[in-house]
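Residue numbering begins at 1 within each chain, and the chains themselves are lettered A, B, C, D and E in the order written.
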Amino acid sequence: MIRTFCFVPGEDLHTDIPVKEYSSYLNNPNGLFWVDFLNEPNPSAEAILTGIFRFHPLAVDDALQETHTPKVDDWGDYLYIVFNALAINREDGLDVNINELDVFLGHNFVVTHHDTPIPAIEKAWSSINTDKRYINHGPDHLLYKIIDDLVADYWPLIETLDGEIDWVEDQVFTNAKPEMLERMFALKRALVAIRRIITPQREVLNRLARDDFDVVDSKDRIFFRDIYDHLVRLHDLTESMRDLLSGTMDAYLSVINNRMNEVMKILTIITTLFMPITFITGFFGMNFFSPVAEGLGKWTGYAAFIAMLLVIAGTPAVMFTWMRRRTWV
Amino acid sequence: MIRTFCFVPGEDLHTDIPVKEYSSYLNNPNGLFWVDFLNEPNPSAEAILTGIFRFHPLAVDDALQETHTPKVDDWGDYLYIVFNALAINREDGLDVNINELDVFLGHNFVVTHHDTPIPAIEKAWSSINTDKRYINHGPDHLLYKIIDDLVADYWPLIETLDGEIDWVEDQVFTNAKPEMLERMFALKRALVAIRRIITPQREVLNRLARDDFDVVDSKDRIFFRDIYDHLVRLHDLTESMRDLLSGTMDAYLSVINNRMNEVMKILTIITTLFMPITFITGFFGMNFFSPVAEGLGKWTGYAAFIAMLLVIAGTPAVMFTWMRRRTWV
Amino acid sequence: MIRTFCFVPGEDLHTDIPVKEYSSYLNNPNGLFWVDFLNEPNPSAEAILTGIFRFHPLAVDDALQETHTPKVDDWGDYLYIVFNALAINREDGLDVNINELDVFLGHNFVVTHHDTPIPAIEKAWSSINTDKRYINHGPDHLLYKIIDDLVADYWPLIETLDGEIDWVEDQVFTNAKPEMLERMFALKRALVAIRRIITPQREVLNRLARDDFDVVDSKDRIFFRDIYDHLVRLHDLTESMRDLLSGTMDAYLSVINNRMNEVMKILTIITTLFMPITFITGFFGMNFFSPVAEGLGKWTGYAAFIAMLLVIAGTPAVMFTWMRRRTWV
Amino acid sequence: MIRTFCFVPGEDLHTDIPVKEYSSYLNNPNGLFWVDFLNEPNPSAEAILTGIFRFHPLAVDDALQETHTPKVDDWGDYLYIVFNALAINREDGLDVNINELDVFLGHNFVVTHHDTPIPAIEKAWSSINTDKRYINHGPDHLLYKIIDDLVADYWPLIETLDGEIDWVEDQVFTNAKPEMLERMFALKRALVAIRRIITPQREVLNRLARDDFDVVDSKDRIFFRDIYDHLVRLHDLTESMRDLLSGTMDAYLSVINNRMNEVMKILTIITTLFMPITFITGFFGMNFFSPVAEGLGKWTGYAAFIAMLLVIAGTPAVMFTWMRRRTWV
Amino acid sequence: MIRTFCFVPGEDLHTDIPVKEYSSYLNNPNGLFWVDFLNEPNPSAEAILTGIFRFHPLAVDDALQETHTPKVDDWGDYLYIVFNALAINREDGLDVNINELDVFLGHNFVVTHHDTPIPAIEKAWSSINTDKRYINHGPDHLLYKIIDDLVADYWPLIETLDGEIDWVEDQVFTNAKPEMLERMFALKRALVAIRRIITPQREVLNRLARDDFDVVDSKDRIFFRDIYDHLVRLHDLTESMRDLLSGTMDAYLSVINNRMNEVMKILTIITTLFMPITFITGFFGMNFFSPVAEGLGKWTGYAAFIAMLLVIAGTPAVMFTWMRRRTWV
C-alpha cells in the first residue's frame, strides 16, 4: 500500500497523489512530500524509489531487504536511515518483535518503507490534518515527530519488563520455584533483544544531532539530541535491569543451592540417627539371641531389655548433641 | 512550593519575591537570583520556566519529568544540569533512593527544581543569611556549594555499606549462614544503584571543571574540579567495595560448598560403616539359622557368637582404616 | 592450476594466456587482467608473482603460506588482501573450515591465490562471459563482485547455526538431555570460529571503503561499504547468537541442577519416611519380644498389634505433613 | 613533627629551621628547601602550608585529609602530588596497609606530608648528608629519589605474595584443603588492594615523565620514566599473579568437585551392593519362614541354605560387573 | 662471555675483537659492529656499556637486571629494546621459560645481552660467514633477522600446545577423567605466560615498523611490519586456543556434572525401589507375627505367603513404572 501527501505552505494538503505526479511535487522546493510504503511489493516500490526518486541502487536494496541494524547513510542529497520499532509478540509481553522502518530524508520529501504497520507512522498520518507541528517545519521535523513517537512506544515494553523483574526479585528469597527460571531466561532474552536495538539506534540519533548533514536543519538538531537523551536513558535503564536480572539469577541459584544443602543435611541427619539404632535392633534380632533371650531369668531379662532401650534412646541423643556442637542443626 | 531570594551587592537580601517581579530581578546583571521549586505542580513551574526565564521547551520538559541520569546541556546563556541526591529508604541503610535535582545556571541566576526535599538545598537555604561564601561569588559558586554538600551527603551511605561489607567478610569464613546471602545481594543492589549515579555525575563535574562554559567563571572551575576528585575517589571506593563483595560472595559459596562436602562425606562414612554390619545382622537373623543356632552345642555356640561379634566389630574398623589411608577422614 | 583471462574494452575476451605473454597484457593500462592460482605448487606461483608481477617478496611469502587472518597491505601500485571463505566440513554443519583467499589488486589486474576451490571465484569465473557487470568496471569492481559472493556464502552457514540454536533453546526447558551439551559446545566452537573470521574481514572492508587507496576507484568505495554493512550485520547476528547460546547453556545447567534437586528431594523424602518405620519393625523384630509376644493374652496381643500398626502408619503421615508445612513436597 | 633542611650550593646544610625563617629560605631561588610533616596536627600544618607557602586551600585540604588515590595537580608554580606507600599489617604478609604521602613540589622546595613514617622518606632523610645525588640536582631529583625508593619497597611485598601463590598452586592438585580457600581469598584481597594503588600511581609517573610541568626539569623526566617502567612491570606482574590465582581457585573448586564425585560414587556403590542383599536377608528373616524352615528336611534345608548363600554372594558380584562395564569403578 | 665481530664492506670479517679496540670500530660509520654478551658478569658488561658505548645509566641498568617486559626506548643515537625468547622447561612441553634479550641498536652497531643461550642469536652468529643477508644491509637488518628467527622459534611451542588442546577436546566428551583437569590447568598456565609475552612484543614490533626512529632505515620498516603480522597471527592463535581451552574446561565440568547426576539418579532409584520392600520384610519379621504365622492353617498360610510375595514383587514394579512416566529412567 502506498500513501502520499504533499503540503505546500498556503495551499491545501494534497493526498493520494498518483505515481505519475510525484515528479512535479518533488520539483517544488518549498513542499513537504511524504510517501509511505506499507507492505508494498518490492518491484513496485523499487520502480518508484529508483525510477522517480533516483536513489542509489544499494540504498534501495537495503530498504527493500529486511533485518538491518539501525544506521544512517549520507548520500548527499538525501539520507538513508534505518530505525527499528519494537512490538510485543505474545500476551506475556516477553516475546519481542522488531519491525524495521526505512526512511529516505530529502530537502523536501520523506519516504518511509515498512512491512508491518508501525503505530508511530499511523499516529503521524492521522495527525497531519490536525496538528500543524507535524508539517509546518519541514521534512526533518516531521521525521523528528515520527521517531519521537516511535521511541516513546518503547516505554510500555520496558516498564512491563521492569515490573516482571521486580516481581521475580521479590519472589526469589521467599518463594523460589523452578518455573521462575524459565521466566528469568525469557526476560533475559527480551532484554538482549532490546539492547541490541537501542545501542545502534542511539548512535543514529547521535549522528543526526551532531553531524553536519545537508538535509537536517541545524536548528532541528536539538530535537534529535532530545531523542538521543531518551535513548541514553533507555540504555541505562536496560543496563541496570540486566544487572538486576543477573543478580536475581545468581540469587535464585544460591537459594536453590542453600535449599539443597538443607535437604542434604536432613538426609544425613536422618541417616546418621537411624542407621546405628537400626543396626542395634538387627543385632538383637539375630537368632543367636533366641536361646539367650529364652535362657534369661525374668528379672534379668527385663533389666537387659531396659538397658537396651536406654542404648537405643541414648545413641541418637548423643549423636544429636554432637551434631549440635558442630553447629550442624 | 517556590522559594526565592535575590542578593545584590550592597543591598539586603530580598526573599519571597512575587512571581511578577522576577523579570526585574533577572534584568539586574549584578544580582544573584535563586528560585527553588520544591514539589511544585508542573503547570505552575512550566509557566515560570518557559514564560519568564524563557528556557527552551525541551530543557523545561526534561526538568519537569523525572528519572533523568546526570547530564549537563549547554544552552548558551544558561546551563541545564541534572544531579542526583542519594537518600536511604529503609532503616537498614541498604535501600537506596535517588532524588533528582534539576538546575538552570545563568549569569545572574540559579533555578533549582526537585520533587523531594534535598538536604544540600536546605543547608544552602539556611546558610545564605549567615555564611557569605554562599552568595558573595556569583551563581556558579553558589552551585558549587550546593553540589559540594550534595556529594558530601554520599559519604555516610557509602560508609554504612562499607561497614556492612566488612562485617559480612569477617563472618563468611567463621559463621556462614543462608541469611547472609540475602544481605549480600541487598548490598550488591545498593552498590549497583550508587555506581550508576556516580559515574555520569563524575562526567558532569568533569565537564564543569574543563569545558569553557560561558556561565562558569574560569577561576571557579578549580572548585568543580575538587568535587570531581571526590567523585573519582567515591567511584574507586565503590569499585573496590564491589570487588570485595563479589569476592565475599564467591567465598560464601565456596564455604557452603565445602560444608556440603563435609556433610556428604559424613553421610557416606556412616553408610559405609553401617551397611555391611547391618547386612551381617540381617544374615544371621534369617530363620534358616533358628534351627542351626538351636542345634549348636553350648560352647560351639558361644564361640560362633564371639566370632560373629569380632566380624561385626572388625568390619567397620578395617573400612575406617582403609578410608584413612585414602585421606578421607 | 592457473586460469587467466584478459578483457580489453572493444576486444574479445582472451583466456588461457601463456605465462610468457603476461607482461604484454600487464602493460595495457586499459585492460582487466585476471590470474587465478588454484592449488598451484608454490615454486611455479612464486616465479610468476615475483618474476612477472614484481610483487614484494614479503607479500608473495604471505600469499604462498597459509593461515593468515584477513588483512590489507598497501604496497603503492597494488594492494595485497587476505580474505577467508567459510566452508562446512561435516554433514551436521557444525564443523567450520576456513579457506584462505589471497588477492593482489592493481590498476589493471587482479591476482587471486587459493588452495581449495572457492565457490565465489568459480561463480565469477563462469559469469565473466555472460554478466558484463563483472568486467566492465575495472579490477576493483571485479574484486567487489567476488567478495560480495564470498560474503553471501556465509549466510547459509549462519542460518544453519541459527536454526540449531533455536532448536536447542526450545528443547532446553522441556526436554534437556546430556546429548544436548555436546551439541551446544559444537555450536559454540563454530560460532567462535566464524566470529574470529568476520571481525578482521569487516576491518578489511572498512579500510577498502574508507582509505584512499590508489587502486580503488573512489566511486567504487560505496560498494565495499555495502559489503562492510553486511559484515556488520553478520557480526551483530553472531554476537546475538552467542548471547542466546550462552544463555541456553546457563539454562541447561540450571535445568539439570533443578532436576538433581528434585531427585535429591525424593531420595530424602523416601529415606525420611521409611527409616523410622523400618527401625520400628526392627525394634519389634528383636528376640526379646518373642517371649513377650508369646506371653501376651490374645486380646491384649491384638490391641498391641493394632497400636503398633497405627504407629507405623502414623509416623510417615506425621512426617509428610511436617514436610508439607516446610513447603518441601 | 616537622623536619626541615635547606641546601644552598656552596653552603653547609641547614637543618631544623624555625618556622619564621621559612620565608627567607623560600625566597632563595638556588636553594633546595625540604619540609617534612610527619603526623603533625592539621591546624599547625595548615598554618604553614597556607600562610607561608601560600598553597591553594583546596590543595591543602586534600593534603590534610586522608585516603586519596594517587594523582598530580598542576598549580602552576608548584605541583600537588599524592603517592601511596604500601606496608604490611600482619605477620602473614597478606594484610596490606596503604599510607598516603602528599608532596608539594616547587622550583626550590619539596614539602612532604604523611601520617605514618614512610621508609623511603626516612632513607632520604638519612642520606642527604652522605649521598650528594639526593640534593645536588634540585627538588625534582630529590623527589625522584624518594619515589624510586618508595616504589622499590613494593617489591618484597609482591614477592611474598608471589611465593604464596606458587605454594598454593603446588598444593592444589596434591593436597587441596578447605583451609587453602581462606588463604586464597586473602591473597586475592591483597592483590586487589595493590593493583588499586599501582594503576593510578603509574598514571602519575606517566604524567611526570611526559607532561610539560614547569617545576620538572626536562632532563629529569627520563628518571620518572624509569619509575614508570618499574610500575608497568609491577602492574603486569600483579596481573599475571591475579590470573594464576584465579586459575588456582578454579582448580581448587574443580578438585573439590571431583573429590565429591568420588565420594558420591562410593556412596552409591555401597548402597547399590548392600541394599539388595539386605533385602534378601530380610526376606528370609520373615516369620513366615520359621515354619517353612522348620518343615524342611535336613538335606533340603542345607541345599536351600547354600542356594541362598550363592544368591547373596552372586548378586553384588553381578552388579559390580555391570558397574564396571559402565566404567563406573 | 663476550663475542664480537665487525663487518666493513670490502674487508674481511673481524672477530674476537679486544675490548680496547672497540672505540675505533665504533668510529667507523660504514661498519657493522656486533657485541654479544652471554651470561657475562654485570660489572664487566657495565664497564663496556657505560664506558665505551656511553649508553645512559638507566638503560644499562635495565639491560643488566632481568625480567623486563618487552619495550623499546628511543635514546636518540640508539634504541634500547627488550625482547623475550620462549623456551620449554620440562619434557611435557607445558612449562614455559622466558629468556630476556636486551638489544642496543645504533647506526653502525648492535649490542645484545642475555643470560642464557638463545637459539636465534646462535643461528645468526653461525650464519654471518655464510649468509650475506645477515650483514650486508646494516645493523637494523641484522636485528630483523635475529628477531625473525626468535619469533619463528615460538611456533613449535604453540603447535605443541595446540595439539594438546585438540587431544583434550576430543577426550572430554568420550573419556573425561580427573587427570585431564591438571593437564588443562597446565595448558592454561602456559597460554597465559605466552600471551603475556606476545602482546607487548607485538607493540615493540609495531613501533619499529611505524615510528620514525633515526637508527631504523625507512625501507627496513616493512620487514619489522612482517614480524608484526606474524605476532598478530600468534596472538590471534593463542586467543582462539584460550577460547577453545576455556570451552573445553566448561565442557569437562558439565560432563562431570552430568555423570554425577546419573550417579545420584541411580542411588535414588535403588533406594526408592528397595526401601519399601525392605520395610515390608521387616514388618513381617516382627515377632508379633510368629504366633500369627503359626496359627494360620496350612492353605491360608500359603495364600498369605503368596499374597505377600506379590506385594513385594509388585511394589518396585509400580514404582518403576511411575518413575518412567516422569522420564527419570
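Throughout what follows, contacts are C-beta pairs under 8 Å (C-beta built on N, C-alpha and C of every residue); 3 or more make two chains touch, one makes a residue touch a chain.
Keep in mind that what you see is a predicted model, and the values were worked out from it rather than measured.
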Degree value of the rotation bringing subunit A onto subunit B, based on Cα positions, nearest 5: 70
Cα-centroid distance, subunit B relative to subunit C, in whole angstrom: 40
Subunit C and subunit E: spacing of chain centres that average the CA atoms, whole Å: 25
Subunit B, residues touching no fewer than two other chains: 260, 264, 267, 271, 278, 282, 285-287, 290
Running round the ring (origin subunit C, first step to subunit E), the chains in order: C, E, D, B, A
Contact set on subunit B toward subunit A in their complex: 56, 58, 61-62, 67-69, 71, 178, 181-182, 185, 188-189, 192-193, 196, 249, 253, 256, 259-260, 263-264, 266-267, 270-271, 274, 277-278, 281-282, 284-287, 289-290, 292-294, 301, 304-305, 308, 312
For the subunit E and subunit C complex, residues of the former touching the latter: 173, 222-223, 226, 229, 232-233, 236, 239-240, 243-244, 247, 250-251, 254-255, 257-258, 260-261, 264-265, 267-268, 271-272, 275-276, 278-279, 282-283, 285-288, 290-291, 328
